[in-house]
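Handing you this structure, nothing more for now.
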Amino acid sequence: MAGTISLGDAAPVTIEIARAVIEARDHLSEIDGATGDGDHGVNMAKGFRLVVERLDGKDFDIREGFATIGDTLLSDIGGSMGPLYGSFFTEMADALDGKTEIDPATLAAMLKAGEAAIVDLGEAKVGDKTLIDVLTPSRIAVEQAAGSGKDLSATLAALRDAAATGLESTRDLVAKRGRAARLGERSRGVLDAGAASCELILRTLANGLSERLS
Amino acid sequence: MAGTISLGDAAPVTIEIARAVIEARDHLSEIDGATGDGDHGVNMAKGFRLVVERLDGKDFDIREGFATIGDTLLSDIGGSMGPLYGSFFTEMADALDGKTEIDPATLAAMLKAGEAAIVDLGEAKVGDKTLIDVLTPSRIAVEQAAGSGKDLSATLAALRDAAATGLESTRDLVAKRGRAARLGERSRGVLDAGAASCELILRTLANGLSERLS
Amino acid sequence: MNRVINDPDRVTEDSLAGVLAAHPDLLAATEHPRVLRRADMGGTPRVGVVTGGGSGHEPAFLGYVGPGLCDAVAIGEVFASPTAKSFHAAFREADQGRGVACLYGNYAGDNMNVKMAVKLAAKDGIRVETVVANDDCASAPPDQPENRRGVAGEIMMWKAGGALSAEGADLEQVIAVSRKAIDSTRSIGIGLSACTIPANGKPNFTIEAGTMEVGIGHHGEHGIAVLPVAPAREMAAIMLEKILADMEFGGENVAVLVSGLGATPLMELYLLYGHVDEMLRARNITPTHRFVGNYFTSLEMMGVSLTLTRLDGELDRLLRAPARSIGLTVLGS
Amino acid sequence: MNRVINDPDRVTEDSLAGVLAAHPDLLAATEHPRVLRRADMGGTPRVGVVTGGGSGHEPAFLGYVGPGLCDAVAIGEVFASPTAKSFHAAFREADQGRGVACLYGNYAGDNMNVKMAVKLAAKDGIRVETVVANDDCASAPPDQPENRRGVAGEIMMWKAGGALSAEGADLEQVIAVSRKAIDSTRSIGIGLSACTIPANGKPNFTIEAGTMEVGIGHHGEHGIAVLPVAPAREMAAIMLEKILADMEFGGENVAVLVSGLGATPLMELYLLYGHVDEMLRARNITPTHRFVGNYFTSLEMMGVSLTLTRLDGELDRLLRAPARSIGLTVLGS
């Protein structure tokens, strides 16, 4: 069926996400440098390099891949990103429990569970200039697409668009969370680092799944 | 008599020397920076500023002026320059004891006493790339001028020339004394800082006395 | 980048090896590579005192582990919170059956990781209570204490909490006095040059030559004002003004801590202290405990921080109590 | 120049005011503004121990005045020897009728000023003997010990001499053990960035980015080689190689001191120490005394120095003896 993709087929997307983050290391740190402490790319890349090492030569599906990302970030990466993205991937993996394939509804459930974990821990709201400004609209877009009967391809396109729009929305915001918060008005005018990594992760996920859909 | 100058008339030369050193502060430090630790001008200027303060509004002749320089450098300026130049000026002042005026022989005696004190303390020889490379040839030139019956004006000209030649001679030398010594061959090619200040002091002394001769 | 490192991504682990080699009498490794504990925990069971935070602030945090101070420390990457797993392991190392006081600084990452670690410890049956330091009065307005960061003032919290634990107090008491210590403490920093996280290889912020960032954060976070570099006398006045406006300090004794941020020469820290001391005495405030040095740094940042703690009899006693660690040794009196 | 100072020509005096305000229990002013002495000289008359040197190396030199270390210190301008008058005044402060050991570093200015001061003290009837430290084995070849400078190894000399004086030994003995300490000590530094004397306002030498000056002097004097910046592991090997080639260290115990030159983060000093420790043990040399920190600096220079002292039973005992000062506190054991 063209509207879904099996967990096994989706496995390489795990590695694609990891590689995308590792490649964006300096870029993400630079964005963080503008308003935070300039280590976002470093932290993220260190975590995802461990993920690549751990999955190397292993046989796994995307559920196990995401569980490994979650575990690795939670256990080995501190900062805010360890718990936030660690819980995010752990919850997305848990949402795949008992599933054999990803369809629009499953994707929506994954994002909803991941988002809930991040909000529970970090208590950020849309407009606080965090990764939530990417994640929440993306989750909503996927829910709406799934709810209105769009197929997986269209749903993934909606995810990609919402993430990009969400990222761009952080430019005009004043930071309310994290290290950037102390900047106040001076944080306006630049993107948020966590939002940038979140958009990258969601875009790579969307592209990776789309590619394997044909 | 046109060939001498009274100790009283020579008094302002004390201040002229001090001002010349203070003005050359950054220049002397820069030369020292090339081979030493870059503080020669700072140390010297600090000392001579104190001299100006101490002599301000006072009535003094050049013997008292030089004694004040000697005292101030010895008591308030450390480094190598405090003892070296301090003893130098103290001994020059002592050489004026009982004199009322400076003639070529007196000038020779002053420089001889001052040089002896510096050699006694610092044990530097001509060719070691120190202020001795200016002072010793200058003293010899003055002795020869005085010995061959030259008048004070010609003697001062000889002093000025010998000091300038001595300074220039340090450019091609390898430092054997002071901080620059550890540079070895790398100290060749630049002037020595102490030689530069010594030439400045002797030149200002020669010019100051010459001016007051007419 | 001219630095004393090997692989820039491994400075934290590489540095820990040296710490352990240098101080076997003071610090011991644990099963968790990012957790150190006191080499000798002492005889009688006490309330465990734990701290933790990112690397790059040395001697904080690991330099405040030792008798009379903390029992275990969780160590993060440079400028990043330790993991929940590390905090959890530190709780286990420190626990002696009387509960654990986790005394840490208010940063998003640390808050989340501590929160998760406390839950994990609860499953082990270890009771952990927390105090989160927020002494940096430049990091948020007075009505937003929850947004204020912990900086060098944490040392006062560790000293008070560690000393009370050594006296045999229970967890509630240790928590209460640690909270009192940090609530009685205000800090502010001035940054004069940026620092470079080795893994980044270049400074992640800039301070223009001739300007100073008043109220800079411990990771180079922007402060409350960028001003032309002022004489030390004025720097002292600016910092003191801000602290004294933030909290009542009336005629009592205080502890004063002047810490370099990394690159500022010690002679300049003393120079600044001289002005602070004079200005305090002019206001009838007596600095009875005086700390001047590199107590809480930010890699090789040029700059200085000032911390003031208002002392009552109890805090005064606890600050005087003996302590031994890399960062702070008090002989006791 | 982004620094914590007022008038750049007055940093030394301004800083001393802060030192005295911060440590009234440890240090006292004297009649001479550039001389400090121990606040409490102890009861029984001992041999006085004096040191002195330029400012900008803090905690050296004044940071090593205190019980078990030096009794008085003469303080010079930044990077310049104290005056003869200052050394003389320090001798008078330290003398308790049993003579004075002047333990200082081999620099032209210091030599001259000490020489003059010793003569002045002789006129007062005070006997002064001197030991001039020359532990910097990069500053001249082995056959020119008279041209070698004193650097961080001076701390070992002060510790040994101060401890023996505290034991009640006479002047000859204090001098002999101080000389033994420095003769058993070798140091070498690596510079990674220049420093700026405040009165100059700009660096007086340069170290290109990406290069390191091996064997740099404590005032930025050129070293023995300019090399591309190496990993810390190699820096440790280069420094150790040079020291071990200069003096026999066979299978004994040693004291190791890793000092930052000012701006190098403490975590990097520990990182380097880890390598040194490992390399020494691989050669059957055991580091029984380990010091890691900013013990002897050069303003805000980036870089590190390594000092090794070969220990016999006496030096080992003296290094263990209790001492208290700004720069070094030993609890005793």
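Should a chain be cited, it is by its letter among A, B, C and D, assigned in written order, with residues numbered from 1 in that chain.
Here is the rule we use: a contact is a pair of C-beta atoms (placed from the backbone, for glycine too) under 8 Å apart; a residue touches a chain by one contact, two chains touch by 3 or more.
Here the structure is a predicted model, which means the values were calculated and not measured.
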Minimum number of chain-to-chain contact steps, subunit B to subunit C: 2
Mutual neighbours - chains that touch subunit A and subunit D alike: C
Most distant chain from subunit C, judged by the mean position of its C-alpha atoms: B
Approximate Å spacing (C-alpha centroids) for the pair subunit C, subunit D: 29
CA centroid of subunit A to CA centroid of subunit C, Å: 33
CA centroid of subunit A to CA centroid of subunit B, Å: 75
Inter-chain touch pairs (all): A-C, B-D, C-D
Subunit A residues within the subunit C interface of the complex: 26, 29-30, 32-33, 36-39, 42-43, 46, 74-84, 121-122, 177-183, 186
Interfacial residue positions of subunit D with respect to subunit C in the complex: 1-7, 11-12, 14-19, 21-23, 55-56, 58-59, 63, 192-193, 207, 209-212, 229, 231-233, 235, 262-275, 277-278, 290, 292, 294, 297, 299-300, 302-304, 324, 329, 331
Subunit C residues within the subunit A interface of the complex: 9, 54, 76-86, 107-109, 112-113, 115-116, 138-140, 147, 149, 197, 199-200, 203-205, 217, 219-222
